[in-house]
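Shared chain: chain A. Partners: chain B in the first complex, chain C in the second.
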Partner chain A sequence: MTSNLPLINIMFLMITAFAFPLIKKIKYIYFFSYIIHILLVISTLATLMFVVNHGAYALNIGYPDTFMGIQLYISHVEALLGVVFSIIFLMVVIFASSTIDKEISENRIGLFYLLVNILYTSLIGVIYSNDLFNAYVFIEVSTLSACGLIIIKDKGETILAAIKYLIMSTVGSGLVLMSIAYLYSITGHLNILLSHNVIVATYQDYPNSVLIILSLFTLGLGVKSALFPLHGWLPDAHSSAPTPSSAILSSLVIKVYMVLLIKIIFRLFGLNIVKDIVIMDIILLLGSAGMIFGSVMAIKQKELKRMVAYSSVAQIGYVAFGIGLGSIAGLTIAVYHIIGHALTKSSIFLISGLMISQNKSKYIEDLKGIGHEMPITLILFTLASFSMVGIPIFPGFISKWYLSLACLELNRISLILIILASSLLNLLYYFPIVINGFFGKENLKGRIRKSKKVNPYSLFPIVTLIILMLLTGLFSGRIIDFIALSFA
Partner chain B sequence: MKGLLTNYYETAAIILFGIGFATLMLHSNLIKKIIGMNIMDTAIFLFFIAKGYIFESQAPIIRGELKTVYAYVNPVPSALMLTGIVVAVTTTAFALALTIKLNEKYHTVDLDKIMEMEGDKNDE
Partner chain C sequence: MKYKDTILEEVCRFLILSIQIFAFYIILNGHLSPGGGFSGGAILGSSLIIIHLVFGKSYLQKKINSQNIPAFISIPLIIYGLLKLHSFLSDTLHWPHPPIGTPGKILSSGFILPLNIMIGIVVAFVLYQAFSYFWDEEF
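Moving on, here comes the complex of A and B:
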């Protein structure tokens, strides 16, 4: 029973999703979504406990043997990511119940929750799936539902952003499907484990094929996860969407494709095969370029949400950097960074949504002195930005630290300079908001202390996310050891 | 060159993919973009199905006695592409719906003109 939970989660979310538009009273919609997401947290936790006790396992669906049926594979990374995702979804849903009715029209609230459920299904589907074509279908579902979550506001700019996202995503998924076709032609399998066995036996006969497959996967998944310089669609899409949507999109959706890339590199090919391929260096290069340029772009932004969105481009750069190092330490820290950043970025997006709606302006300029009016909110923002900048103990620092250690291990010391430069650039755009928010006599003129009340229902999820972020930083050693079990 | 001619299915698929990709990227008219998207998807279907096809072989449905392995094509790529076609149709329908919405709001389907109307967001 417990071992079947991953499949049950996927089915449960799919089925319950379509009940939302049928519920008339909005109160019941909120209540129903709480129940679903609390159950999901419990069930992903049970999966995690099962993996801790029994180790990684494969779950065959339909047929008892892997050759015919679809397979899910749940190892430590997948189980841990499932828990993190379910917690973030629960918090976003709680936040949404207090603010979403201000952002979208009332008859669309049911549809919003439907899309959240479908998106969640597809994300955990991509994470758990051990079958490449199955993963491709889940990727498509996630793209369409993510577009839906953007356009649900029904404004000109959101539709424009969604169509840009859709076009870029189509190119990305086309490339992914092309590489699956290529892989199928040389291995005859879609299952990652079976393909791996064939590739290990025969890759020396096809020197170019491995290069082509890996580059197509990198390009396709790179477009979808906004890897620099393929990030063109991200700032519009993530800044124009409703706040709960942007929190999910920025913290979870773009990460999932990176998880799939890690699975392809580590499980499909294996580090020994990809070690000498030039693509790994290209991933490293794009990651480093993203770390720098994403931050530079973020500094230039005038709107708060656009700034945070560009910061996501930089953070995807860190993940790609970890993958591109091509060592087990690099992959481990890439996964850790995915978790740490998911918790941090979702809380930052929720906080910015609160500040924008209370301050009635989306520009960074107008946030001066906001700390006087919304002290608790800005303190939470400060904590989250500490993590982005990389103050010790916070998860952002831990991932930078271990990334540097991984560089040292490979004797590539010059790479540490990039990490350092990126941290300093992060400082340049997060701290002005904090400093201008709290201090400066000029800024506090006309601001009345604690004048802007924040609904406790919106504050609770943010506080929870920040606490979890701190815990992720404090127990980083244990978490990294746990992740490393998957890469053993 | 010889390799390209012997694998003419794949060659045709890659050329079609290029045409579709160029249409998708270079045109600013949204309808043309969607057409390009479809050509690209079709090229991938051709590529994938060609992987399972053996010249002069039948679908693996046994009528009468069972023939040798070489008498049947591989059915898995065709079955997968059925799913692929469903996905492509859904995406096309969604993109067309978005185009209608955009046309309602901006009275044009030209992406460049719409971007001009939306104004510069100081990106570059």
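Moving on, here comes the complex of A and C:
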């Protein structure tokens, strides 16, 4: 029974999603969503314990034979990511119950939770799936539900942003589908494990095909995860969406496609095949460019949420950088950075949503002196920005440290300069908010101490996420060892 | 409706009946012949759209309350999910299978018939809902 939990999670979320439109009272909608997400946290933890005790395992669904059936593969990374995702979703849902009625109209709250459930299903589906076509179907579902979560606010800018997102990610999924079709014509399998066996045996006969497949995957998944030059849709979509949606979109949705890319590079091709292909260097280059230019563009922004959204482009750059190194250490850190950044960015988005709604202005200028009015909120923001900048102990520092170590291992010392530069650039846009928020005499003029009360229901999830972020930093050694078990 | 057309109404009275019977035929024979839930549901949905266009919204409102359409869409989806969960898990957990029946008869092939019926209902109402969003401009 426990081994079937990943499948039950996916089905449970899909089935319960459609119960939301049937519930008339909003209070019961909130209550129902709490129950669903708490159960999901418990069940993903049980999956994690099962993987810790029994090791990685494949789960055949419906049909015992791998060739015909659908397969899920749950290794240490998948189980750990499942837990992180379920916790973030629970926290976002708790946050949403106190604020969502101010952002979207009342008759759409049921629809919002429906879309959250569907999005969650598709994300864990992409992570667990060991079958490329199923992963593709889940990618499509996640795109549509993410568009729904943006458009649900029903304002001109959200509709424009969602259409932009929809068009660009349709191109992305088209590329992914093309590469899956190409792969299928060579290997005759959709299952990652079976395709891997065929590729290992025959890849020398198809020198260009591996390049084409991998570049199509990189482009397609890169559009969806906003890899640097393909990030055009992200700032609009993430800054105009309702706060809980943008927390989910920015911390989880764009990461999932990177996880799939890691799976494709490590499981489908294997590092031995991939290491001589030029596309890995291109991923590295795009990642480095994203780390620098994402931060540069974030510095120029005047709106808080837009700045945080551009910072996501920079952080995806770190993940791509880790993948592009093409070593096991790089992939491990990419996964660690996904976890650390998911916790950090979701809390930053929730905090900025709180600050914007309390301050009634979305511009960074108007946040001067906000620390006087909302001290706890800004302290939490400070802690999260410490992680983004890379102060020791925090997960942001750990991933930068290990990325540098991975560069040293490969004797590519010049790459460390990029990590350092990006770190300093992060400092340039996160710390002014903190410093202007707390200090400066003229900033505090007209601000009354602790005048803006924050609902404890909206503060609790942020505090939890920040504590988890700190724990991720403190126990980084163990977590990285645990992740590395998947890449053994 | 802005105007009434008696000829159109009288023809549609017969036409709609045959369209709906054809839709039910396609849904119920989905596991035996070409067709199935989606195509049958699309035909059923288009018959609802024709009723809306010819007889007006108020006529259809008497038969199907538009407040209940979300329920008509989500309840079959929940049932579909539960049936699918059963068929995914029944092998590993040794749950009882549905009876297979005689091949070629309507009551055969396990869960495919109920799944087709659920999909048919969902597609019909989703099509009609999408149409009425654009036609009535009520979001």
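Odds and ends about this structure:
Convention: the second predicted complex is superposed on the first by the 488 of 488 C-alpha atoms of A that agree within 3 Å, B and C clash if a C-alpha of one lies under 4 Å from a C-alpha of the other, contacts with A are read in each partner's own complex, and residues count from 1 in each chain.
Everything below uses one rule, namely that contacts are C-beta pairs under 8 Å (C-beta built on N, C-alpha and C of every residue); 3 or more make two chains touch, one makes a residue touch a chain.
Please read all numbers here as calculations on a predicted model, not as lab measurements.
After overlaying the two complexes on the shared chain, residue contacts for A:61 are found with chain C alone; chain B is out of touch. By the touch criterion defined above, A:488 reaches neither chain B nor chain C. With both structures placed on the common chain, the touch criterion links A:300 to chain B but leaves chain C unconnected. Residue contacts after overlaying the shared chain place A:15 against chain C, while chain B stays out of touching range. The contact surfaces that chain B and chain C form on chain A in the two complexes overlap at residues 154. Considering their complex, residues 70-71, 73-75, 77-78, 81-82, 84-85, 87-89, 91-93, 139 of chain C touch chain A. Those residues of chain A lying in contact with chain C across their complex are 1, 4, 7-8, 11, 14-15, 18-22, 61-62, 64, 154.
On the chain A side of its complex with chain B, the touching residues are 133, 137, 140, 143-144, 147, 151, 154, 156-157, 159-160, 162-163, 166-167, 170-171, 173-174, 177-178, 180-181, 184-185, 190, 235-236, 297, 300-303, 306. Considering their complex, residues 17, 21, 24-25, 30, 33, 37, 40-41, 44, 47-48, 51, 77, 80, 83-84, 87, 90-91, 94-95, 98-99, 101-102, 105-106, 111, 114-115, 118, 121-123 of chain B touch chain A.
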